[in-house]
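Dropping the structure in here first, questions after.
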Amino acid sequence: MAMLEFDNVAVYYGKVQALRGISLTVEEGEIVALLGNNGAGKTTTLSTASGLVKSHSGRVSFNGTDITKAMPWNVVGAGLIHVPEGRRIFSTMTVLENLLLGGYLVKDRALVAKRIATVYELLPLLAERSTQQGGTLSGGEQQMLAIGRALIAGPKMLMLDEPSMGLAPLIVARVMQVISEIRDQGTTVLLVEQNARAALKVTDRAYVIDGGTTTIEGRAVDLLGDSRIIDAYLGA
Amino acid sequence: GGLLGGGGNGGDSTGDSGPIKLGMVIPISGSSAPTGAYMKNGAQLAVDEINKAGGVLGRQLELDVEDEACDAQQSVAGANKAVSNGVVISVGGYCSGATLPEIPIFQKANIPMIIPAANSQDLVNQGAKNVFMINGTGKQQSTAALAFIKKQKFATVALVDDNTSYSKDINTETKSQIEADGAVKVVLSTSVTAGESDYSSVVRDIMGAKPALVYWTGYYQEGGLIINQLKNAGFAGQIMVADGSVDPSLAQIAGAGADGVYATMTQTPDTLKGAEDWIASYKKAFNSDPGPYSTQSYDAVRLAAEAIKQAKSTDGAAIITALEAIDGFQMFSGPLKFTAEHTLSSGGFVILVIKDGKFSLEDDLS
Amino acid sequence: MTVVLEVKNLQIAFGGVKAVDGLSFSVDAKEIIAVIGPNGAGKTSAFNCITGFYKPSSGAVLLYGQNITGKRPADIAAAGVSRTFQNLRLFPDLTVLDNVRAGMHLYGGQNWLDAILHTPRFKRSEAAYTEEAHHWLDFVGYSGARGVPIRNLSYGQQKHVEIARALARKSGLLLLDEPAAGLNYTEKRDLLDLCQRIRELGTAIVLIEHDMGLVMELSERIVVMNFGKEIADGTPAEVKANPAVIEAYLGKDDDEEVSARGDA
Amino acid sequence: MSENVDTTLAPRTTRPPASPISRLFESKQLGWIALAIALLIPLLIATPYSLNVMTTAAIFVLLASGLNIVVGYCGLLDLGYIAFMAVGAYTAGIIAKAFDLPLIFTIPAVIIMTVLAGLIIGAPTLRLRSDYLAIVTLGFGEITRITANNLSITGGPSGIFGIPGLLKIGDFDLQEPAVFYYVTVLVVAAFVLAAARLGKSRLGRAWRFVREDEDAAEAMGIHTYKVKLMAYIFGAVWGGFGGILFAAHLSAVSPQSFVFLQSALVLMAVVLGGMGNMRGVVIGALVISLLPELLRDLSTYRYLVFGLLLVVVMVFRPQGFWPARGYEPERMGDVSDRRLAKGTVR
Amino acid sequence: MIQLIWDGLFVGSFYALIALGYSMVYGIIKLLNFAHGDIYMLGAFIGFAVLTSVGGIPASLSIGALLVVMLVSMLLTGTAGVLIERLAYRPLRGAPRLAVLITAVGVSFSLEYGISALAGPNPRAFPIRLEGNVFVLLGARISLPQIILMLIAAMLMVLLNFYVEKTSTGRAMRAISLDRNASLLMGINVNQVISRTFFIGSALAGAAGVMAGAYYGKIDFLMGFIIGLKAFTAAVIGGIGNIKGAMLGGLVLGFVEAFGAEWFGGQWRDVFAFAVLILFLTLRPTGILGQRVTERV
């Protein structure tokens, strides 16, 4: 059974149709990438899964349950965590408070503390800054925090929206490495990336979204050699 | 009629058939709404009685009540509405500030005004021919207050108002009369803001000034609170209130300390001999006790009916002439004869005192 | 060569953090300079000091030799500095065209009385505003709807509008803060081309960017920052080979993250 | 906005392109049609009451259009707007009465005083953002009212009465209710048109830029202080003219007319009508001023019903009756909104 | 002088209690809830209704009875707050902020005139009245009821502060106020947290209403208006959205008013208070404790 499944999902913003029938699956333990031009509908796809955006038709299921109409907090409760585009750090709260909020639905405080410790190990920069206000972190620091915050929830599956945006090359490499490590520890990942080359290096499969529909699908190794992909997303 | 319908049925009551309409612009909403209700009932009682007895000039009376919320703009709309509805005489007016801008409107429409309650000196100062006031004026009230103060030999007085025109009017008038008289000293003259609960700052001022008498010239809502807070603070002097504070609730709000509080007031049904029947019929009609200005409103309607009867017409000018000619018409405040200024010849002010939570006559100042 | 911008020993600190700690560089007319460095190195803070959003604690910023240090943003903008923001700062409820018109505020051409009376002068200037707005949108290659509010645009579209707005300011110096973030390969190629066309307008560009392919191909000089300090300043080739830069920023495996490669 | 994010997740207003009907409504002629209706109404109903109510409503429209400059265009939440009307009304009333001048001659003085008031209220509020601004303006409103209540030049709590009319030449008296109504409507129409035109100018855009994002506006070379002050000054002058008409209409000015509630009502008109859109604001002002009159016959239940209606209307039309559309033609002279957000950049 | 300070402190604690609810609601949904003062009024009337329906209460029991009545009233006003949010404010999520503000004014009208229609426009004398020993401390007359009321107020405020600063719901409240969508992604049930905020804020106002009724002895349907404005002012002085700031702001406003009345006379008190407020805000544009948001550009 697929972990996350989209079945012909359509989404409108007012009268503007953003998704015109998205179908995709993510199997447990996979890293799957979503590629596509600006405005193709990648962010909308993730937001539909997490319940921020209501779909017009079609069906989204997570771990076999229908979450098409689920409220965002129930989606989080089910273990599907969305790291949004633009990081969305709580700006006047400290790094630690941001992390604690990531564990909002985790009732076991000791567990939260343990996870925070793990995140500090994984992303030591956050440990240094734990009492700094989130809003004053640099862009890259904020991205670390956003990922770290999502991990505190103990996700079964993580949806990351352009995590490498604005990051220094070394850090991009680090983030991609962190993503594989997260997967290795058992978390499934759906990754939206513009940095296709970096993304395809760590992913198993990828979909290309164009104009609100899924157009190309394939294994990452194959896509790296696919001329359509090379022309549009990788460069020769 | 509503906003648009106003014109349709208006005007015809000035003719010779159909009911005669009396306009009454009073506060139905806002913080003075309670008094508005008393006034409306008092007027309605008179209308019903007169109608039962056959009406006036063979026609029935009809009361047209319009809300003014104690606000100039709303009272202007209300007055205009009354005019459009074809009233021949106005029997409303509680808040002086709201009543003042009504004057030109009624004047232009040739409609006389019998003002039952509003009594700021400014109303008199307008010198409008169509305005008749059947409540004592601020000046008359101040005179009564001073007379009582001297009679009781209060050496020092504190004057407190609530910063509204009516209240400040009495404060300044009393102050200047006292100062002109010279026998008594004003140790404090100050204002509070109406509508609050805590009046500790004025209480502090009073305690500091140590007057023999505090004269509160505002309304009963705040009056009750100030009396209570003064007593709690251990104020040992006497307290007197003006007519805006004469309401059964004053004593309830003031609590235990209310007994012995004086008031300058025109006669009320409670203090008048022979008013028991009137009170009973009021109770029967409205299932509640009469309140401030129920009597004056009742009298305003009766007076209006009388004037129309004398004038034998609903024409404004004729009614004004009839009102000016009236002599000895019996009202709660005594027999009526207007002065040249269209005010009561004597304000008819008396001193009441609270005993067991009720106002009773203390001194008729005669 | 005229010197457009000169930054001398710029410093600013937040609490204990020295965000910018003695930065100096200069920009000549028509030059494209890149500022790179790890996240948190102080690049954006430096931009903010130059444009007046932060008041530097010491140091000087000279524009065409004139000292603009510590002036308010509007005055610095008027003096001839234009910028974009790392996190988009468009006017979300206003239309694409209005957003670009914002860049033309200093053109003037009408006053409030003209507006109330709808004088011919007013009508002329309004028409000119609109025409210019379309011009700059065409210039950046924006092909989306133009009469719709910015909110309805995707991130990438918004980035283009922001650049168009900055260009409409027609200033001699353009500061771009991570213009390529969030763009894919093709889009980055377009951006590269756009920057070159901007230079041809006679505008000098300073850009902060993490995409090394773009930086190496585009810039004449690169300033590298780390912990607020300048650790290198030189041609792309020099910087690429600088061990300190490799250590702090690039990493050894340098082609890894480059999506727009120099040879493309 | 300090959010460190793009706007993709934020709730967005997605309004469809104009339908034929709304296109008709947005046509240039609409204003003239409305003006014609306003001028024709007295021929149908001309009771003193309806004239009075309509005149009051027209003055209210003027106030709302002035506040719309401050709140709708520039985004400065002003909870004490009625103070400007108070300044205008008192200035006009005091001068007219003292020199027994027709009110029309007080206009220069009113302009001077309201511009000053705009500066005085504007200056300290410039550094403040949103709700701090709200309380400061509320404070100014109350200070103005209480001061008028306590000074003798303003007539204390009773205010000023018997103010001369606008103008009287021989037998021709502008104060005649029907005439005064026409004068008011024409004056108000001129001001509304001027405000609407300002909104579509360079200054009007600058106001909106400041409303949306002050930092970005500064980066465009816009002096946010100056632009905000301009909004206050225009708003103040509009309010001041409202004050003159008010004084002429009631022939009286007293502090009760300038309580906080009045400011709240004007704000309500702006929001209910649709912030930033002059046409909507006119409708909002008509609704807010006429509704309580229409409900007059409910007496005690009047404000209960008014309150409930407000809630219901806002719940069903949160953007107001007629919000600023936020769309414009794609190309010059192009009436349709071609190519809605479909196109992607590449 | 001491009397002055004491009086200011006492009034200030009423302001503070109401300002708290104002600030909480503001903090979370950025709404200037103009109906908040009317909740205070509602609380007083609920207390009144409960007391009159129970019938006479022996004076000796008055403190105990008051506490019970207060709890009932808190429960009911809290529920009323939740209902109002559900019906009038929630449908406007995502609408322009001012739209909600206008709705709040509509709610305020409805509450005021709804109560006026139900209970009549007349002011009512509160059935129990706190009267107690007065003692003189450093020259100031202080009464037992005042002390009791201030203790209750202080206790409520301390509890609330703990709740907001230390519990995860409190953290969620702050998170929602910063970024509602991001809060959703943390798994925060935003509707529920907002409901709770309204419940708590309204319950505090309800408590204040009962306390005011019992202490001052008079209630009426417009009693919430002025104090609502005062609470708003207090909340802003303190730094709107900031819980501790609201408390502090209430006390400061109480003092400023007391001194204003003392120095300039009652009629100039509010002018003085607002002038101080304006001056203060020009110097410190975000209130006493309001965060100086260093906006990152």
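Think of it as A, B, C, D and E in the order they're written, each chain with its own count starting at 1.
Criterion: a residue touches a chain if its C-beta (ideal position, glycine included) is under 8 Å from a C-beta of that chain, and two chains touch if they have at least 3 such contacts.
If you want to know which protein each chain is, UniProt gives these names: A, C = ABC transporter ATP-binding protein; D, E = Branched-chain amino acid ABC transporter permease.
As the structure is a prediction and not an experimental result, all values here were calculated from the model.
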Based on which chains touch which, give the shortest step count from chain B to chain C.
-> 2
Relative to chain C, chain with the most remote C-alpha centre | B
More contacting C-beta pairs: B-E or D-E? The answer is D-E
In angstrom, rounded to a whole number, how far apart do the mean CA points of chain A and chain C lie?
-> 29
Would you kindly tell me how far, in whole Å, the mean C-alpha position of chain D lies from that of chain C?
-> 40
Would you mind pulling out the distance in Å between where the CA atoms of chain A average out and where those of chain E do?
-> 42
Chain B-chain D separation of Cα centroids, rounded to whole Å | 37
Multi-partner residues of chain C (at least 2 other chains) = 14, 44, 53, 85, 87, 89, 144, 152-157, 186-187
Overlap residues in chain B, where contacts from two or more other chains coincide | 29, 33, 163, 191
Which chain D residues touch at least two other chains?
-> 2-6, 8-10, 12-14, 149-150, 215, 300, 302-303, 340-342, 344-346
Partner chain E, residues of chain B touching it in the complex | 29-31, 33-34, 36-37, 163, 190-193, 195-198, 200-202, 204-205, 220-221, 224-225, 228-229, 232-234, 249, 252-256
What part of chain E is in contact with chain D in the complex they form?
-> 26, 30, 32, 34, 87-88, 91-96, 98-103, 105-114, 116-117, 121, 179, 181-182, 229, 232-233, 236, 240, 267-268, 270-271, 274-275, 277-279, 281-282, 285-287, 290, 293, 295-297
Chain E touches which residues of chain D in the complex?
-> 2-5, 9-11, 71, 77, 124, 127-129, 131-132, 134-136, 138-140, 142-143, 146-147, 149-150, 215, 260, 264, 267-268, 271-272, 275, 300-304, 306-311, 314-315, 318-320
Chain A to chain E touching residues, read off their complex = 50-52, 71-73, 76-77, 81-84, 88-93, 97, 100-102, 104-105, 135-136, 149, 153
Within their complex, state which residues of chain E touch chain B.
-> 3-4, 7, 10-11, 14, 113, 116, 120-125, 129, 131, 134, 141, 143, 212, 216-218, 220, 222-223, 225-227, 257-258, 261-262, 265-267, 269-270
